[in-house]
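Have a look at these structures, which come just after this line.
Presented sequentially are two complexes of chain A, the first with chain B as partner and the second with chain C.
Up next is the complex of A and B:
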């Protein structure tokens, strides 16, 4: 029978065994999600800040759309990327379907709106506080972006972690565009789905515990870095 | 903080690239069914094939309906599925040039051990399904256009039963999730034997009906059309297709067992 007890012991046994298949699954999960968050941040941080600073017609529509896209179902994002990368699709020649790269692309689409929308909010609030000061320096708006992003860095770290949470937790998109191929595109979440479908619930839950542990570790590292930096700044 | 982030991401980048570099060029993508993957068949036979030919086989396990769609779009090099009528149509439409029988097993009906519809002593599968419908006992259907789902729907039709009503629950999921759900709500369900035998969470479910000829479950390999999708790895896929029906391939399939039970029976001509 399934008890939380044997899920924990399964998780523990898995970690202790340092199973090479498990390690490669964990590494791929981290690679895909960290890469997706990295690319999404490169695009979304300036985008969110720009959206906070510029006024243009239709701005509210863009803000609402971005906020709404935070709730984009992963499976829909996966389907769009699938149709795009499929041999019969517009980018079919690239042959990227069922590769880790396809999974990164899908996760970028999921993570980007979260980082951009939350960055917009943070930067807008900060700009409200410092607008006069910044204006008195004679900074143009595009010059203000790096300054404001830097000043908001601790809040933005949480924003990026929210994006990472989304990426590491989703299964719908990577399942469709990755195909859950053993040793090639199998990550933690798709393994959990697979073990569940085999009825191997202790293993599924054990993998879930390991995934949660990993995400906690990444968050702890980020927290420590943030706190240390804050203290140094005094 | 920036430095640390840069380090982490550079590491991630490096790992991704090294990962890509290590991947072998000689591989094919095979779209197949969840029953073959979940039961462990591929883990048992693919290494033998790879050893002989140096070709790696990457399996995308989906329902048969989705496998056909992947094949139509040219996203897999080869197909191994179980819906003979659908496979013949696939060939007739020009997406594949050849279809070969590879192996078979059978479908079974599982349900709660107290068997409220009393199907275990039915004469044949038609009668068993009629009893489930008449007693309106909960029945969990895949409802996902998979090979198993298609076979189940054909049997309801043969039984003259309109499969609808509160007792008939279409789940729209794979075989494993359907078994999990059926176990959770004490429902009957129609499953291939391989997934059932390898399934580890049966709870109160037990095998109640088997052995009718109508429950025959044939698997076929499809050689995709070079004309439709010239970019696919047709040479490698042809080697796989031929290996499956060769003596070694057929022996590898016959040798695969779970708990001492053979799950797939080779029957290439």
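Up next is the complex of A and C:
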């Protein structure tokens, strides 16, 4: 019989026991999602800023496509990466399917449009305010990008957190390309799916509580850093 | 401090410059020469095209027709806007930023580190105690002084100012006007818009008077204020509404 009581006590017991299997699952979850967000940010921040600054034919198509991709179902992203990386696929030789690397790739594809689309919005708004002054300084558009990204940093931190939220919460993509292999590619969300289907609901809910706790902690740390910096720099 | 003798400022030539936006002509074809190290005030009612003429001269906008060019190498320029655009950084970092992106240092600051140059500019404009404060929480007057300090570090030969005092109290206006005179004294040509007649009388060597996108006068200040040649300028000086 499932009650919230025994879910919480299961979660607590899991944490207290410092079970090594649990720790490796938690660490892998964090590793995959943080790495995916890091790589996606490296690509998407300059991409979003460039999209904000340059006018070119087809720009609106790119913007609409990026906005649409924010809603890309994780299973579809997973399926595409699966097809690319499977033995018969174009990148099958790399042997990456069912490895954490494949999971990172899939999550990058999920997170990148979110960060790029939201960065585009933030940078475009800031550029509206800064454009004349930066032009007056004689900056070219490509030299404006670092300035605009840095000055939009507080808003962009929230953007990156939104990306992290997407990565840490999704299960479809990592399930398909990772395969939920015990000790290799099992992460929090895939474990929850597994425990649920096994009927071990307290365990599933306990893992869910731990996942929620971790995500809350990371957001809280980012929030404190952001608020402190904001108070100091205005 | 060594006395620095500035070389003459290049002449700016506007030939048949016009500007059309969405079908309406905001600046009628204008031919104009800005020569010498003067303090030129651009005057006229709202919507006359003052800011537009300045942005075309500074190169922020491209004219629809005609040409804007300097008769020799384009000089170092800076612009101070009506609402100062300050970066989301400390006052000091706003200054080191422009030192990092371009520009040789001012001759009298040569050899100093960027931070030391920035501090000397802050001191010059009475902002040294605010160095660490975020630029965007400073008062309106302090922000405008910071924008002027930033322009000072760019060592411009031509300084454009777009209604820099329109939102300031009298003390802050005085500080800005003193800074403008200081720039001019050190060999910087001043091009400034204002709709404040008293300010124009205090600062102008010569006046450009615009009305409805048309340059009606370009005359020495004493002539403009005593014997304007166009009826619109006459009415403007008498404080009547001109349409």
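As a working rule, the second predicted complex is superposed on the first by the 233 of 234 C-alpha atoms of A that agree within 3 Å, B and C clash if a C-alpha of one lies under 4 Å from a C-alpha of the other, contacts with A are read in each partner's own complex, and residues count from 1 in each chain.
Basically, contacts are C-beta pairs under 8 Å (C-beta built on N, C-alpha and C of every residue); 3 or more make two chains touch, one makes a residue touch a chain.
It should be emphasised that the depicted structure is a prediction, and the values quoted were computed from it without experimental measurement.
In the superposed model, A:35 makes contact with chain B only, not with chain C.
Look at A:138: by the touch rule set out above, it reaches chain C but stays clear of chain B.
Touch criterion met: A:232 reaches chain C, while chain B stays clear of it. Of the two partner chains placed by superposition, A:6 touches none, neither chain B nor chain C.
Within the superposed three-chain model, A:97 lies in touch with chain B and out of touch with chain C [touch as defined at top]. Touch criterion not met for A:67: it reaches neither chain B nor chain C. Of the two partner chains, chain C is the only one touched by A:130; chain B is not. Ranked by how many residues of chain A each touches, chain B and chain C are led by B.
By the touch criterion defined above, A:158 lies against neither chain B nor chain C after alignment on the C-alpha atoms of chain A. In the superposition on chain A, the residues of chain A contacting both chain B and chain C are 153. Of all residues in chain A, only 2, 27-28, 30-31, 34-35, 38, 86-89, 92-93, 95, 97-98, 100-101, 104, 153, 157, 179-182, 184, 194, 196-201, 225-226, 229 touch chain B in the complex they form. Against chain A, the residues of chain C that register as touching in their complex are 55, 58-60, 77-79, 81, 85, 87-90, 97-98, 101-102, 133-137, 154.
Within the complex formed with chain C, the chain A residues making contact are 129-130, 132-133, 135-139, 143, 147, 151, 153-154, 232-234.
Residues of chain B that touch chain A in their complex: 1, 4, 8-9, 12-13, 15-16, 19-20, 23, 29, 34, 38, 43, 58-61, 72-75, 174-177, 179-180, 198-202, 229, 231-232.
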